[in-house]
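Structures for review follow.
Look for chain A in each of the two complexes below; its partner is chain B in the first and chain C in the second.
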Partner chain A sequence: MKRLAAVVALLGLATVTACSGGTEDKPAAGGSGGGGGLYTTIDANKPSLDVNGPINPWSPKGNAFWGYNAMRIAWSKNHLTDPNQFYPGIAASWEIAPDNSSITLHLQPDNKWSDGKPVTAEDVKFSIALAYTQGSTAFAIDPGAAGAASEVEVVDDKTVKISQDMKNPSVTFVRGVMDSFIVPQHVWSSVLPADFWDKLKAARGDGADAESARAEITALSEKVLAFAPPKDVSAGPFALERMNPGEALLVKNKNFYNAANVGPDQVKMLNSTGNEQIWNYLIAGKLDSAPFTAVPADVMKRIGATPGNAVVKGFSPVSLGLAFNQAKKPYDNVHVRRGLAYLINRDEVTTIASPEGGTPAVTTTGIHQKPAAEWLGAELGELEPYKLDPAKAEEEFKKAGLKKEGGKWTLPDGTPWKFTINVPTPFSDWVSGAKAVTSQLTAAGVDAEVLTVADYPLYLKEIAEGKYDVGFWLIALGPAPYNIYQRLYGASNGWAILGGKVKHAEAGKGGNWMGGPETIEVDGTKVNPGELTAKLNSAAEDEQKTIVGQLAKAANQDLPVIQLWDYVNTQFVNTNHFTGFPENDSDLLRQPAGVWIQLGMVKKK
Partner chain B sequence: MTAPVITMGDGRTTMRRNFWHGVWRVLKRKPSRMAGMVIILGFAFMGVFGPLFYPDPLPRDTANLYAAPSWEHLFGTDFEGTDVLALVVTGSSYVLLSAVITAIITVVLGTGIGLFAGFRRGRWDTVLMRITDMKLTIPGLPLLLVLSTIWKFGSAIEMGLVLGLLGWGGVARAVRSQTLSLRERGFIEAARGLGLSTTHIIGRELLPSMAPFIAMNMLIAVTGAVYAQVGLFFLGVLPFEANNWGVMLNLAVFGGGAMSSPAALPYLAAPLLAILLLTLGIVLAVDAMDEIFNPRLREE
Partner chain C sequence: MTAFARRLAGHLARGLVMILIVTTVSFFVIRSVPGDPMAAKYEKMVEQGMSPEAAQRAVEVLFGFAPTGSLWQQYVDYMSGLVRLDLGQSLTVPGVGVSTVLFSAAKWTILPVLAGTLLSFLIGVIMGVYAAIRRSGKLGDILAISGSLLHGVPQYVLALLLGAVFTTLWPILPQGGTADIMFEPGFNAGYIGSLVEHAMLPVLTYALAGYGGWILAMKSSVVTVLGDDFILAAELRGLKRGFIFRYVARNAILPLFTILALSLGMLFGGAIFIERIFNYPGLGLMLIDSITNRDYALMGGAFLLITAAIIIANIAADLFYTVIDPRVRSGEGTT
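This part shows the complex of A and B:
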């Protein structure tokens, strides 16, 4: 599950990681503010350390550890329903315009880079320019992109105002801004041309000049990704000191604005090549904290038996769904999907696959059950729960024209029906879950099997190419409802927002592998779920609630996916050397331990 | 006209009877050899008839995940509550069938090419040996890893075929060397002098002399194939099929935490024990085979 956590983090929505680790290491010398000690952990976003990785937050192999030596403008709380709640990062405070049209950032007044130079508004503007080359959410160069910034204005040395292009606004604009990494301009200045902002202005127009400007900016992407500063200059609580294949050592940045309250003097990131390595670290009491990791029950007992170890649990805005490729028969028939939903015992699947890190989905809505209760209220209880019911399944299969011969279901024309679930091998909980589902279906007469794929990137590539009939698919990636529903009714199901308009691609084209119909009937009314989802981007809160209700009902009736389990953010801490960790249900569990430390929570014992 | 034919038939039957008599004597000499044969026969029986003893699909007891070994479940249960021993037994078919196919392909191709190249020499030898050398330079495991991304190896026959095609090079080289050495011996010279056909010389004179070597290679190929496929399944590069020894090892270690806690240990130990026993059986049988085919080793 550690790898899954990394994937989720890459999606830019849910973050994990952990802290802690009673080790035998001697306390580091030179601690300030009563701090000290060595804090040992694993980075959920980069469990496998790469000695040759650049100190670059945009590089997938970079040695920039979120919250430790890599800083964002602010750290999202991943609130159940409100995407605009944050903890301070580079920005100490901010003002969001009531119509979401702009955000004004006030930087930490006393913050300095680890080399002693102050962190300025120019650093923020320069880092935003770098973000444009990566095409990140709020800083997309596509002139029609929803939620894109139109202007970045340095108000004074410590104030920056960023405005949204209101031709095509998005409620996730602020989140897009806040998630930006900030790097020192004086180190990175060679990466961008001096006339970058002129090029960006040109790129926002129409015609050949705009096209070429866009191409130039996009071409800078590789240069940004490859840039490797010779030394870590960090505005975070720590700076990378050295690393070897087994671990990375970060030391306290004495210039950090809240350095006096940063507990540990040093942080050691341990390398991990698999879940079992994290289990062994935890059993040995080597970690002060550890990220969300799939742990078998017996290993959990051993971890718990190590003195000082504790498990902290909280909300994780992710669910797992069994997704269908509706371009393939018989999955184009809603009765087949419903029949399958009635045959899957979600409680049993969750017990087998993710007893510590998941709870069985109460029904299937596309939303994690916790925010579902907030968004839907009593409506949640009115939805079809799809409890295990073989009789109803039989009824649904018969409606779909399937036939039962010799105890096995066949397609309407009598040919054999092979139900194949695809999952990536490294996700051990997915593999077990898929096997549990196929065992249940096989027992009910559906000839089912699991096929595994060597790794997750290959899995994503193949699923997007429409190679699978059925696969596991992460859904419910909140808190913004648009983000939640675009996993069901977004690009992978044919809908994309282009130039401010929602366009639908046919099944098999433009990344549409789910292949659902463009309109579906919900309670006798035809709705276009992709258009409704896109509306969530700009709708007011009340309207959002109505739309979420409609979409939840649509997902519940039409079943583009069967929601299996909702993740539980399960982390590990060890209180032998440090205290002050977030408690159960803390929203800080959704941020790396570096954020807990920089906020001054973690203290040496 | 018919009498000599009958006599020849009788002669062959007698030879065969003597051969099996010799085999029995060699096996009896050391109890370990008998044990080896019993193990191999046991695995063959398990592979062919084992699955018939269990219902399909195997029963699950979801209230009893990773159950400890008991009389009911000698090696405990797996992550779904399925009996581990049942998984080993039903999973043996795929492993053994593909191993046998690998062994047959390795031996048939390796022997055929080696014999032909060594006996004919000249241009044929050069061409075939260059092909063999090229094949030997192909790194088997990386190739299998790449192949596994496009081929799902759903059946044991596919797996055996690929492993066999990857494994014949060494046998071909060794058989060729042996052939080159034998073809210069007196009895082959004599056969040539008598004007016997090439088929006769290869089939009746050369092949029997190499039989022990080929038989041993065949058995060793079985263990090689078991290691290779179990290894690939363990690494998780091949599709999931729960009752496969390699997948069991993978799930026990990466899903069940068998290296970190004792609950999944029996789940890990059962397929390991099966592989160990099979290898042991083969090693002991090869020891017997060496003596059967090599008269100089016989202790009459």
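This part shows the complex of A and C:
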């Protein structure tokens, strides 16, 4: 037995040694653990940490955490109607040409990388070159891409001017520029060939040479995505010190331009694979801030009972819609969709499914109610609210030719009507919401059921293949109105931009699973919602307002979806160690805590 | 070639064939898993505020890493890579080899699985002997009932219970991770203590889940041996009870060693649930992540590793039994 015990002890020792010997656990030079002012959080953009991920902002599982050790040119305010409002990042200030044709960036004068070298305009230009390989919004190389940059000019050491290709301009050009990540040229220089800008120039032309240049640039994308700097050189408020599979430690970058106002000395990032873990951390009081999380009411009470915990709520540019496959009967009939809308009590559905993270949609516009009020003004009140009204539902169903037999609605030919909602199992709020909807419909004589699907990738595949009659679909993904209406009148409803022109595919073809008609009559005029949506990408603000009004009316009367609830950005903070968190409705809630910290808001207690 | 070497060679050949079959089957099964990872990634990017076109371009760049060509061609490429011990590239961590991801995660599964299984084996075997000897007394009953109860409770239920007790009701243990990042990794008391603290709940789950099986198996084995003639002969010869106990335990434990080796292999599969519950980032958690992301290369690699563990455990069990049981050894001489 003694020998066995010795063997067990040795095995244990060997395993511990093996676990401590991994490359991911070796501390980076120059930093230290311990110390005060530790801020603990979870990164909503990278909740699942991966020790093998490179310190590379373009890598989907990279260990470059936005706002902490990964810096953008600026941080979007996600303003309800103006996409060109930002908080400073790498750029301290900027000038936007009145026609959106260019933006001139003035970099933070005293900003340095964590290794002490200054952040220069050349770093910005080099990072833009890297962005071209990834096909970012403003730096797309495909011919005819809207809102692409045509020139990047280094004016001086701290000034860069970026011009838009005005052949196909976009109102989101500036946002596309500002969203760019900036990395140090002296670390990344080996990734790009010296003649990159010549290649880019060639790629902008026509013919075989241009095509070959585009292929060469695209081929570089792999190299960029896979690049792994040996250590973190950051221009952000923190630099990555070390990681293990469950946690990451970032320490303050003393060279950061606003380092004096950065409250925490260190940030501990926790790994998370699901909402339950975040709830448990919150209940235990272990998080200084936590990202948007769907929370049931009873869990919310327990979180609230933990000393220091507080809830902060703000706008979240997302709504949930009950979407129809109009290629299937009876959902091709607008009266059926309207009848269903009158039978669904959205207040009750929201209370059951998302009491803390949603508010019942006031009506269907395709937009979240907050920006809807800004875009539509008084017009919002004139739209049909589809309040619970069984009498109106009956009227609509009768118009559609449905029959009521023995208290149950049947199809016009008398065959049974089975209303089936498909939802992905892991989305607990969707499952609860779907169940609430089916109970209401069943009570009103519509034979309804919920079918769950194993996971989201499968759900997306099957809904796109037109396998479902009815499913849940995220809409209103703004704040840009073009992005918002792409969810209703974009590829999933048959509209695609081919060679700069909007084309519509028939129901069931070319990814058109929603199967809506190409034109809709609004106020006695036939409109093409896909074309109107495409126009939003380049229209001036006044014109955008008119288009948004038309599209909201189209969505309201045609109901490609029934808007159920508008999400609320429900976040958590704990004030035991830090103060100065964003308050309710702050636009900063739509940026990670790293941005709050780098702006100097969060202070040690 | 000695009989042992022949036996080993036979096992290895069979093991390789099994690995080949499992790899082939899992390759095609994995690629037939329905679901569109590109669409899921696109949705995620759009939800984060990216324009639909930009998200489409980003997804195309990202999935440029995905293998192309016919399924058959992909299979040939995969198998030829396997011969060179190249499992391909992870789709979710572009540029990082599957083997790097696998081995980085595997060590966090091996540690608790090994510790938990050995702990349950040791305690279960010792308690099993007592349960057999005191089978007519209260202690024997209590031990047998504890074994039956714990043997009947599924691993994940135990994990949920332990998690609820030690991280929520009485929060004295960490809720996830492998070690507190504030400790410098290395051979120092703080870091090792943190490693142990974080591994405690998974280890305890494996130990408790295995304990019931061991105690019941050992009790049954000891009871059988107690009825053997050589025990009666020993008692008649007046051997002390302590000596008889050693004879009994040594003979009764033999079949359990085989089960021990097998269970070590099988536990890698069970780790999936435990790691998910405790947010312990080993192979199981990595496998769940790879399935959610439809990272085919990573899924294939994980299945291959789990299969190889089970096959190696089988071979080890057989060879181990040859070494420890003289009857099997003597049987070899005749073949």
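Some notes on this structure:
Going forward, the second predicted complex is superposed on the first by the 564 of 605 C-alpha atoms of A that agree within 3 Å, B and C clash if a C-alpha of one lies under 4 Å from a C-alpha of the other, contacts with A are read in each partner's own complex, and residues count from 1 in each chain.
Rule of thumb we're sticking to: a contact is a pair of C-beta atoms (placed from the backbone, for glycine too) under 8 Å apart; a residue touches a chain by one contact, two chains touch by 3 or more.
Note that the structure is predicted; figures quoted are calculated from it, not measured.
Following the overlay on chain A, a side-by-side fit with no clash is recorded for the pair chain B and chain C.
In the superposition on chain A, A:327 contacts neither chain B nor chain C. Using the contact criterion defined above for the overlaid structures, shared-chain residue A:275 touches chain B, although it does not reach chain C.
Looking at the superposed arrangement, the partner reaching more residues of chain A, out of chain B and chain C, is C.
In the superposition on chain A, A:96 makes contact with neither chain B nor chain C. Shared-chain residue A:442: touches chain B; no touch with chain C. Once the two complexes are laid over each other on the shared chain, residue contacts for A:310 go to neither chain B nor chain C.
In the superposed pair of complexes, A:431 makes contact with chain B only, with no contact to chain C. In the superposition on chain A, A:458 makes contact with both chain B and chain C. In the superposition on chain A, contact is made by A:348 with chain B only, not with chain C.
Of the two partner chains placed by superposition, A:154 touches none, neither chain B nor chain C.
This overlay, made by fitting chain A, leaves chain B and chain C with a least C-alpha separation of 5 Å.
In the three-chain superposition model, chain A touches both chain B and chain C at residues 280, 283, 454, 458. The touching residues of chain C, when paired with chain A in their complex, are 34-37, 39-41, 43, 46-54, 57-58, 60-62, 64-65, 90, 92-96, 100-101, 104-105, 107-108, 110-111, 114-115, 118, 122, 167-168, 171, 175-187, 191-192, 195, 198, 276, 279-281, 285, 288-289, 291-294.
On the side of chain A, the complex with chain B involves touching residues 274-276, 279-280, 283, 295-299, 301-302, 348, 351-352, 423, 425-426, 428-429, 431-432, 434-436, 439, 442-443, 449-452, 454, 458. Interface residues of chain A, counted against chain C in their complex, comprise 4, 8, 11-12, 15-20, 22, 24-27, 33-34, 38, 45, 48-54, 59-61, 76, 78, 133-137, 140, 142, 145-146, 172, 176, 218, 221-222, 225-228, 242-249, 268, 270-273, 277, 280-281, 283-284, 286, 317-318, 454-458, 460-462, 464, 474, 477, 479-480, 482-483, 486, 490-491, 497.
Remark: chain B residues 57, 60, 62, 65-66, 79-80, 145, 148-149, 152, 236-242, 251, 253-257, 259-264 touch chain A in the complex.
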